Amino acid sequence: MPKKLLLHHDRLFSSDEKQRAIARNLYQQVAHLPIISPHGHTDASWFSGNEPFSDAVELLIKPDHYVFRMLFSQGVSLEQLGIARMDGGPVEQDKRKTWQLFADNYPLFRGTPSRMWLDTVFSQVFGFEHALCSENADDYFDRINESLATDAFRPRALFERFNIEVLSTTESPLDNLEHHRKIAESGWAGRVISAYRPDPVVDPEFEGFVDAVNHLGELTGEDVSTFSGYLAAHRARRAFFKSTGVTSTDHGHPTALTLDLPTAEIEALYAIVRKGDATAAQAEVFRAHMLTEMAGMSLEDGLVMQLHPGSSRNHNASLFQQFGRDKGADIPLATSYVEQLKPLLDKYGNATDFTLILFTLDETTYSRELAPMAGHYPCLRVGPPWWFHDSPEGMRRFRQQVTETAGFYNTVGFNDDTRAFLSIPARHDVARRMDCNWLAELVCDHRLDMEEAEQIAFDLTYQLAKDAYKL
Amino acid sequence: MPKKLLLHHDRLFSSDEKQRAIARNLYQQVAHLPIISPHGHTDASWFSGNEPFSDAVELLIKPDHYVFRMLFSQGVSLEQLGIARMDGGPVEQDKRKTWQLFADNYPLFRGTPSRMWLDTVFSQVFGFEHALCSENADDYFDRINESLATDAFRPRALFERFNIEVLSTTESPLDNLEHHRKIAESGWAGRVISAYRPDPVVDPEFEGFVDAVNHLGELTGEDVSTFSGYLAAHRARRAFFKSTGVTSTDHGHPTALTLDLPTAEIEALYAIVRKGDATAAQAEVFRAHMLTEMAGMSLEDGLVMQLHPGSSRNHNASLFQQFGRDKGADIPLATSYVEQLKPLLDKYGNATDFTLILFTLDETTYSRELAPMAGHYPCLRVGPPWWFHDSPEGMRRFRQQVTETAGFYNTVGFNDDTRAFLSIPARHDVARRMDCNWLAELVCDHRLDMEEAEQIAFDLTYQLAKDAYKL
Amino acid sequence: MPKKLLLHHDRLFSSDEKQRAIARNLYQQVAHLPIISPHGHTDASWFSGNEPFSDAVELLIKPDHYVFRMLFSQGVSLEQLGIARMDGGPVEQDKRKTWQLFADNYPLFRGTPSRMWLDTVFSQVFGFEHALCSENADDYFDRINESLATDAFRPRALFERFNIEVLSTTESPLDNLEHHRKIAESGWAGRVISAYRPDPVVDPEFEGFVDAVNHLGELTGEDVSTFSGYLAAHRARRAFFKSTGVTSTDHGHPTALTLDLPTAEIEALYAIVRKGDATAAQAEVFRAHMLTEMAGMSLEDGLVMQLHPGSSRNHNASLFQQFGRDKGADIPLATSYVEQLKPLLDKYGNATDFTLILFTLDETTYSRELAPMAGHYPCLRVGPPWWFHDSPEGMRRFRQQVTETAGFYNTVGFNDDTRAFLSIPARHDVARRMDCNWLAELVCDHRLDMEEAEQIAFDLTYQLAKDAYKL
């Protein structure tokens, strides 16, 4: 028998009455602030076309690798979920069946943030009052699809309902930002900007790298057969991105290695790289040097730089072959920053007009590396808990391990970093609750006074992200 | 003056009244469930012979490396504890004196799980009401020895009193499982099974490896001069173990490295290894390849595979020379799984009829590697907190760092993993209390409802271990 | 408008009333115990000369790298703080302006231990009742300077007021300990001793190493052109230090590597090293061997050995060039102990008359390496949370991760390790509060009884440091 949805107004607050009351008080002051979403992976075409989302499976399951990695871990195949195979092989087409399978396995998500995000979406976006289970899967499926067909559930309407002040997507330099342009020209007030993510033309190991670099040359009219032409092409695309309102770049690298090679050396390496002949070691060196180049360009054009290192992408070889990228098979790696970032920091670390936001999947670096570095270098900031750590316990560890050395003001607020558009308010809500609960603990044990906590709660929710990302 | 034994019925529960009440409620529902002990190191001969245990020192001190490592760290020699030297040199023979020394140093264990396990044994198994101290050491020694001489304290009687449903020991492939056979044939209802632990014939650096492999050949009639014969011998012994009711294998390796070498290469390496000529690097490669072979055999015969990597065994060189293995001188090493397990996972990771349970002594891998991997690969499960981390704080960290990414259902319940038979109920009790306390926290801050928490408490205590180990 | 200073008498205690009451009770028993400060970096000349401290900036900002690293991280230059440049270039001379800048940026320290230490100094040493802010910066500056000009604020008077029983400074072997001698001869009862910190004559990469070794030879009359003469010179200086009351040595190395080279090999290496020709790798080997030599000397002369490894010193290249050492630009490194300490431990690890206190900046080693090692080796003890981890959350993690495996009695109490003399009572107070709060938690959940907790609180505050450092 379906149970009531679990969405208590005091969720995530300490059960200590004193702390809970303070957390609640702080939360009430920030709960309704606009959402600043400075980094994420939603699809700009949703907001340019403003077409209705098609159905529950396409919207809530297929873009959410958190969901299907858990199902896959317990023996559900991606074919059963209807995920398209690269070879066009048969996969489940009956979405109702896929939804039922998801509902049957919903107990797997107990104790995970996905459960909390999904329940929040079910309750607050769709108005469900009972928790999803095998018995009501059909009803859920039908009611979600009915809602999605209405105007109130079109992308722009949801964007407005979610009180999003600005939303950043992430695009390759090869993207023409057509959808962002259309949005800007449409007269709609929603602010949807991109971020410059050059991995496809910076990482020699990215699928299709050589063609992508050639394409970059064509797009910009620069001669990418030389390294200086290649850099000029980056400058041109960065300028184009910036002209559309972009304020940041983003770099997804296997490691945090940076290098600053002599000109002759990087030119020689580039000659190898652009022919697609780089070894793995050469590819790593190239990426490392390019981070330093990108930092230099950020000093020139003012774009805020983000570094997301340390994911072993496509770890599951056969799954990658069958289904491609981003299928829940990326696994964190131990990551080190201290020696690896030194070449970049030796060159630009003391600049006060440059911001480099560091993310990590290796929580051991919070207290050992990131907080000490961000608590010293003017250019560095620590990004919020990322990916697997974007969760209540992950957020708690982040504040516990970062704050004492970096303070609050070397952090940058929250990123939802998501492809799951509907979960954006839920994710920001979890962050706001956990931050308020942490501040309440500091007030309870007299490390902060209430007035300070209120100010910090506002900054963590709103101001720090706006400032750090120049929004 | 002796003090009352500290064994409060609410021990380990949060001091927050709301959380404590929920934890107590959950605990009452699982406290008396039968014990599933799917991995440990008790001695099967105890249960086949059913002879009385000899005395307090032999039973409670000598098999417990937790106890003598702490005493040794504060200057007590193993000779004083009566631990036998390899050279037969003189050691303390007066057990009463050894017991007194232990009692005098009992305050060293404050804040450790050993203290809690021992107090539980003293109170619940022997009925003491006052805490062990210098003054009552003699009384303790006498009363324990008197009890042990009675029928109620024979191994089988204790096994039944402890409500153990199944107990797994761990044996080498060279073991004839005679005691397990005797137990099965005895008509006694107690279920005591073994686990296949092939380290002595898989690890070229194990003392006596060459002889052991020859012995393996003799036992099975296989030609272990060839690699295929060596594999066949493993298959034969696994089949023999399985025929006695065994459901799992266990592998204790210095690292988690796996490899899948081409046939010619592993055959050439085996030729070196079986002559005892392997270098350290070759030994590591051989062990790594053998893990993949063992995984393949598990797919054939259905035995659940356990991997316990990352212990620097016998770290104390002179102690090892004087006293041999397992004397409290094994120290954890930083361990990595992501790249190291890839060869095995590339081959068998997506199998849904294969289970590989991963353990770690490096807690940094919980959130960074093990939970993300087990939250994706169908074959992977995360084993419970192991060894130094089998403790209240260790269990808390485990749940906090594993649950959000792997959920509850990619974990496998509790292992006591002990040689200290009398402590088994105490260890399971600590796990049950800590799990209930964690679930109570999730209920208190509205991440789970009570009905779910009750279900999960049952699963963590009983069902997950039964299912994961096919018991 | 200035706010009341936040210095609640229950600060840092749990907000759970039961736990708070126990913590308060324990704290009241240790709050007024004398301070044992067995490791730190105050200046002995303060206590020999007993001249008044000059002003707020010289005393509270310039020696405190915690303070200026945070300001620097948010764009304040060291020039603005009046920190002297190596090239004598212009820096702010107006201390009132520097103080105002500090006050304006005081909110940056929210949530950091510096904030708590400074507020405690402002309140308890200087009697301020309102928190520092832009508006009262001038008043603060004037009142602090007025106080410092009075006899009650001279170094010896503060030492007595702080109830310091013994204070250890840290000096190079080349130091003549003149100030310590003067203090001893002055008839003043304050006990200020040094510690033997031989890095400048042990680390071939230390600035001026070759000259320093030559100087060491001159001071001792030993022939430092040979390795045996070099060792004899160390023995002579250790004996000299010991003769002034010194009880410990201290070693700041980039890693924890130890080695025990054959005589011919180390003699050959020394020949290279003392000419200043060592490569980085040779320097590392030399330092590693010297740790083992130092351990051997400790067995001879009884000096307690401290190892502080794992800091990447002077990470900020241009800042180092402009301002020199110790300017807040040292960053922790991942550190490993298990394999690295083995050569030293193989030689001296089981000695019961030798103490090696291990510190770490890498918290992952608490539960994985340091607690297991100190919980086994008789010579090893785990030092208190160090540097970035000398903070409420850092102390909590230390106890949570160390206690269960090492117990309390393989730890050594608290070190303040500071250059900021006035903060010493504040730092010890934070440690006492956090320890009492942790013990209160153990009492609340029935892991300790109250009488034990009282004993341990006393030991952690006073006895363990006295015993471990032979004070």
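The chains carry the letters A, B and C, assigned in the order they are written, with residues numbered from 1 in each.
As a convention for this text, contacts are C-beta pairs under 8 Å (C-beta built on N, C-alpha and C of every residue); 3 or more make two chains touch, one makes a residue touch a chain.
Keep in mind the model is a prediction, meaning the values are calculated, not measured.
The two sequence copies subunit A and subunit B touch through a face in which the numbers common to both fall below half of the numbers used overall. Subunit C is reached from subunit A by a rotation of 120°, derived from superposing Cα atoms (nearest 5). With centres set at the average Cα position, the gap from subunit A to subunit B is 40 Å.
Residue positions of subunit B touching 2 or more other chains: 16, 364.
Residues of subunit C that touch subunit B in their complex: 14, 16, 18-19, 336, 338-339, 342, 345-346, 349-350, 352, 364, 367-369, 371-378, 380, 400-401, 403-410, 441-442, 444-449, 451-452, 456. Against subunit A, the residues of subunit C that register as touching in their complex are 3, 6-8, 10-16, 69-70, 72-75, 107-113, 115-116, 312, 315-319, 328-329, 331-334, 361-364, 388-389, 391-394, 397.
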